[in-house]
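Below, each structure is written out as C-alpha cells.
In the two complexes that follow, subunit A is the common piece, with subunit B as its partner first and subunit C second.
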Partner chain A sequence: MFILKYIKEVFSGLKSLAVGLRRTLYYFSHHKEIITQQYPDNRDTLVFPDRFKGEVVMVHDDNNEHACTGCTACELACPNATIKIITKFDITPEGKKKKAIDKFVYHLELCTMCNLCVVACPTDAIKMAQTFEHSVFNRAELTKVLNKPDSKIREGVE
Partner chain B sequence: MVEEIGSTAAGDIIINVGPQHPATHGVLHLVITINGETIQKVEPHLGYIHRSIEKMCESLTYRQFIYVTSRMDYLSSHINNHACALCVEKGLQIEVPSRAQVIRVLMDELTRIASHELWWGAMAMDLGAFTPFFHAFREREAINDIMEETCGARLTMNYMVPGGVMQDIHPNFQSRVKEFIALFKSKVSEYNELVTGNIIFQNRMKGVGNLSAADAISFGCTGPTARGSGVSCDIRKLYPYEIYDTLNFEEILETGGDSFARYMVRVREMSQSISIIEQLIDNIPEGDFQAKTKAVLKLPKGEFYQRVETARGEFGVYIVSEGGTTPYRIKYRSPGFSNLSALDHMARGSKLGDLVAMMGTLDLVIPDIDR
Partner chain C sequence: MVIAGIAVITLFALLGLVLVLMERRVAAWIQIRLGPNRVGPGGMLQSLADTLKLLVKEGMTPDGADKFLFNLAPFIAMMVAMLLMAPIAFASDFQLWNLNIGVLYVTAISSLMVISILMAGWASNNKYSLMGAMRSGAQIVSYELSAGLSIMSIVVLSGSLNLNEIILSQADGWWIFKGHIPVVIAFIIFIIAVTAETNRAPFDLAEAESELTAGFHTEYSGMKFALFFLAEYINVFIVCAIGATLFLGGWMPFHIGHWQAFNHVMDFIPSSIWFFGKTFFLIFLIMWFRWTFPRLRIDQLLDLEWKYLLPISMFNVLLITLMAILGWHF
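Coming up: the complex of A and B.
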C-alpha cells in the first residue's frame, strides 16, 4: 500500500508541475498578453492623470498674472517647511500700502507631495503639476521660485 | 559580537542575515545561531530604518501628521491614514458623511488586495520562483492606476483627512474598479495553478514554521499570521469601524498554524476583499465627500485610541492630547513588530533554508517595524 501511495504522490506532483509550466508556456507564446512598457522609450505616449502629484507650481495666466495673495496658508499647512513666502509692500495707485508676494520659494527636495498646501490655498493659486523626472546634478536647482519674474497679482483677487 | 560567540555552545555558528539581504525585504538584521543546518536561535536586530516618526508627529498638527503614517506600512498606507483620521474624528466627534465612509472602505479594500498581491509575488520569489512576482505586479498595477487617478499617487496617497477624503472620486473610478474586478477574477486561477498547487511549494510550506493558537496570542500576533493559527482577530468583525458592520463578508480562519495556512489565509482574503468591493461599488451614496471642519483642529484634553485591520494585522493609533493643536504624545501599535517577535519561536529547530519561507509568510514590512 505504501508503494502505491508513493507512486500516486509522484504522479500528482508531476501533474502540478505540468499545470504550472503550461501557464508559463502560454505567456511565452502569447506576446499580446505582455503589458510591460519600456520606460524611457515611451515618454511620448505616457499619459498621467490630472490629479497626479508631481510638484507644486503656481498658475499664471496669459498676462503673467497669478492669484497668490501671500496669505501664507500653504506655508502653515506644509508639514516639512517646503514653502517659504517672502512678502513685500506694493504702493497702490491710491497711495496705500498693499501686501504682495516678492518670492514664493519652494523646496522640491523637501516636498512629500501630500497636497495639503493645494487644499489649503483659498484662491487656488497653486496646483500640482504632472512632471516627475526631478533628478538634477546640482542640489540648489531643486529650490525654486514659483512666481515668474515681473508677474503680479490678478485684479480682483483678495 | 565576540562575547556572543563565546557564550554559544560548542559547535554552534553565528551567521548574520542582513541588514542588506534580498530575502529580508528591507533593512532587517537577523543574527542566527545554527548548529549544522538546524536553527538554535534567531535574534532580530532592529533600528536600521528608524525615523522617530512618533516623535516627529508631536510637532505636527492633526492634519499634517497623517501623511507620515503612509511611510510606515507603505503597502497599506491608505489603512494607516484611515486609522489616524478616525482617531482624530473620535476626538473631535465629527460625523463623517456616508459617501466618504464608503469611499474610504473601498480604498482600504483595494489597498488590501494590492498589498496581498505584492506579498504573494514576494513570497514565491523567496522560495525561488521569479515569474509569479510579475504576475502579481500585473494586477497590482491596475490598482495602482486607479489610485493614481483618484488620489494622485501610487504608494503614499495621503487621501484620508479628518472629516472624510481629500478629493471626490474620479468620474472613471467606478468603471475602472469594475474592470479590475473582472481582470482579477479571470487571473486568480493562475495563482493557484502556478503556486498554490505546485508540489515543490506545498512541500516547502506544509508543516514548516508552526505557531500554535496559544503562542500566537501570547506573542501578540494579529492579522493573517494569527488567523492562520485559528485565532479570530479580525478588527473589521470584532470592533467594526466605518460601515464594516453592515457589510457581508467572512473572517478567514485556517487551523493549520503552519506557513501554508498563513499563505491560504491571505489568498482567500483577496477574494473576500473583492466581494466587499462588489457590494459597495454600485452603491456609493451621493453627498459630500468631506465633513465641514474648522480650519485649525484642536483635540480636547484626553486620550484617544483607534484600531483598524491593515493587510498585516491590527494597527492602532493612540493620541494623548493636552488640548492644543499638536498631540502631546502619539503611539502607533504596528502589526509587523509583534508578528516578527514570533519568528524566533517558529524557527527554532527547523532548517536554515526554511527560515526565508517563514519570514515570507509573516509578510514583514520593515519601516512598519522600526517606524
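Coming up: the complex of A and C.
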C-alpha cells in the first residue's frame, strides 16, 4: 500500500538525517579530534606520517660510506629524468678497474616524489627524507649532488 | 522609545558580527578544524576585521546593470530585515511594537525578502544572477506555505495573532511540551521551512557557490555585498526568534508543573537571557544542519515541499485544530 510506503520513506529519511547529525555533533563537541596543524608555530614538534615523501637523499654512515654501486637502476626507473648518474672507474688494490659513482645528480625541481627510484634501488642506497621546506631564491640550488664529497662505496656492497 | 530603537539597531549590527563568527566557529569544529584564531583573543575580532575590509573596498556597479535597481536591492534586503525586528519581544517588558497581528505581520514582511533578491538578480544583467534569483523565488514561494501552516497551528492553539499574547499563553508550559507530538511535527516542519526560506544550505540554491558562482550577489562587492550578507544573518536570527517565540515560549522561563522551588529558581534568570538562549539554540540548530546535510537539487527541493512537507503539515493543522477544540492539550 502506497501510504505505508510513504510513511516508511519519511521515517527512514529522518533516521538517516539523525545519523548524520549525531556524527557532526560528536566532532563539534570533541575538540581532541581536530586535525589542524598550526604549522609555522609548531615547526619544532611537527610529526609526519611514515610514508611522507619530501625529497630523495642518499644514506651515508659514520665513515662517510654509502651503498650506491652506480648501477643506474634509479635513473632508468625515473619517469621524468630527475636523476643523472655520472660514473667513473676506480682502480682496486689488485689493479683491476671497477665502476663507481662520481656524482649522483638529483634535480629536485623535476621530482614528483613518486618513490620509483627508491623501489628500484637494489642496495637500498637512497631513501625518501621527510624535509619539505624546499623554497630557494636561485633555481640552481635545486640541482643537488647526493653523494657527499670524498665518500666511497661501503665494503662488500656489490 | 528612541533609545529602544537605537538599542535594537545596535543589536542589529552586533548580531551580524557575532553570527558570522559563530558560523565560522561551528563550521570549523564540525569539520574538525580550528576556525578563526589569529585576530584578537581566540579569533574574537575576526568578523570585525572582515567588516573593516569590506568597508574600504570599492562598491562596483557593472556597466550593463540597471544602476538604480542594482543599488536599491541591498537596501531593500536590509530594510526588510529591520522591519522584522519591530514586533519581536526581546524580554518580558521590551517590545518595540506590540501590534495585535504580529504573526501575520512577520509572515507578510518576511516574504518581501524575495523582492530584493529578484531585483538584485534582474538588475545585475547576468545569467547566473538571474538564475539564482529565479530559484530563490520558487523556493521562498513554495516553502512559505508549510512555514505558514506550522505557524498557523500555534495560532490555533493559543487563539491569538499577537506575539505577546502567544508568549503569555505559554506561562504554564511551552507549546512544544503542551502540544504533544503534533506540535513537535509542526516545529520540525517550521525549522526545515525557515532554513529554506532564508536560503541557507542544504537549500542554498539561490547562492549555489558551485554552480552559479554566488547567485544573485555575484556582481556585488564591498559594502553592498556586506548588506546582503548581514541581511541573511539577521533573517536567520529573526526566523529563529519567531520559532523560539511560537514554540519555545519566547522570554518565558522553563517551568515544570507544580514544582514551586524549581519554578522560582528559573524565574531568577532574566527573561532576556531566556529569549536569547532559545534563539541562539535554534540558530545553532540551523548552522548544524548547514554543515551536516548535502545540498538538494532544485527538483528534489520542490519534491520535498510539495510531496512531503505540505501534505504532512496540512494534516497536522487539522489534527491540532481538533486538539484545540476538544481541549486535548494541557
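FYI, the second predicted complex is superposed on the first by the 122 of 158 C-alpha atoms of A that agree within 3 Å, B and C clash if a C-alpha of one lies under 4 Å from a C-alpha of the other, contacts with A are read in each partner's own complex, and residues count from 1 in each chain.
Here, contacts are C-beta pairs under 8 Å (C-beta built on N, C-alpha and C of every residue); 3 or more make two chains touch, one makes a residue touch a chain.
What you are looking at is a predicted structure, and each value in this text was computed from that prediction instead of being measured.
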item: Partner chain(s) touched by A:L25 [first = subunit B, second = subunit C, both, neither]; value: second
item: Most subunit A residues touched (candidates subunit B, subunit C); value: B
item: Partner chain in contact with A:M128 - subunit B first, subunit C second, else both or neither; value: first
item: Contacts of A:S12 with subunit B and subunit C, given as first, second, both or neither; value: first
item: Contacts of A:K96 with subunit B and subunit C, given as first, second, both or neither; value: neither
item: A:K53 touches, of subunit B and subunit C: first, second, both or neither?; value: first
item: Which superposed partner A:C114 touches (first subunit B, second subunit C, both, neither); value: first
item: Contact residues of subunit A, present in both the subunit B and the subunit C interface; value: 17, 20, 23-24, 35
item: Residue ranges of subunit A touching subunit C (in the complex, touch as defined); value: 10, 17, 20-21, 23-25, 27-28, 31, 33-36, 38
item: Subunit A-facing residues of subunit B, complex; value: 60, 63-65, 67-68, 131, 138, 141, 148-153, 156, 158, 161, 166-167, 170, 190, 193-195, 197-200, 202
item: Touching residues on subunit C, where the partner in the complex is subunit A; value: 26, 29-34, 288-289, 291-293, 308, 312
item: Residue ranges of subunit A in contact with subunit B within the complex; value: 12-14, 16-17, 19-20, 22-24, 35, 48-49, 51-53, 77-79, 112-116, 119, 128
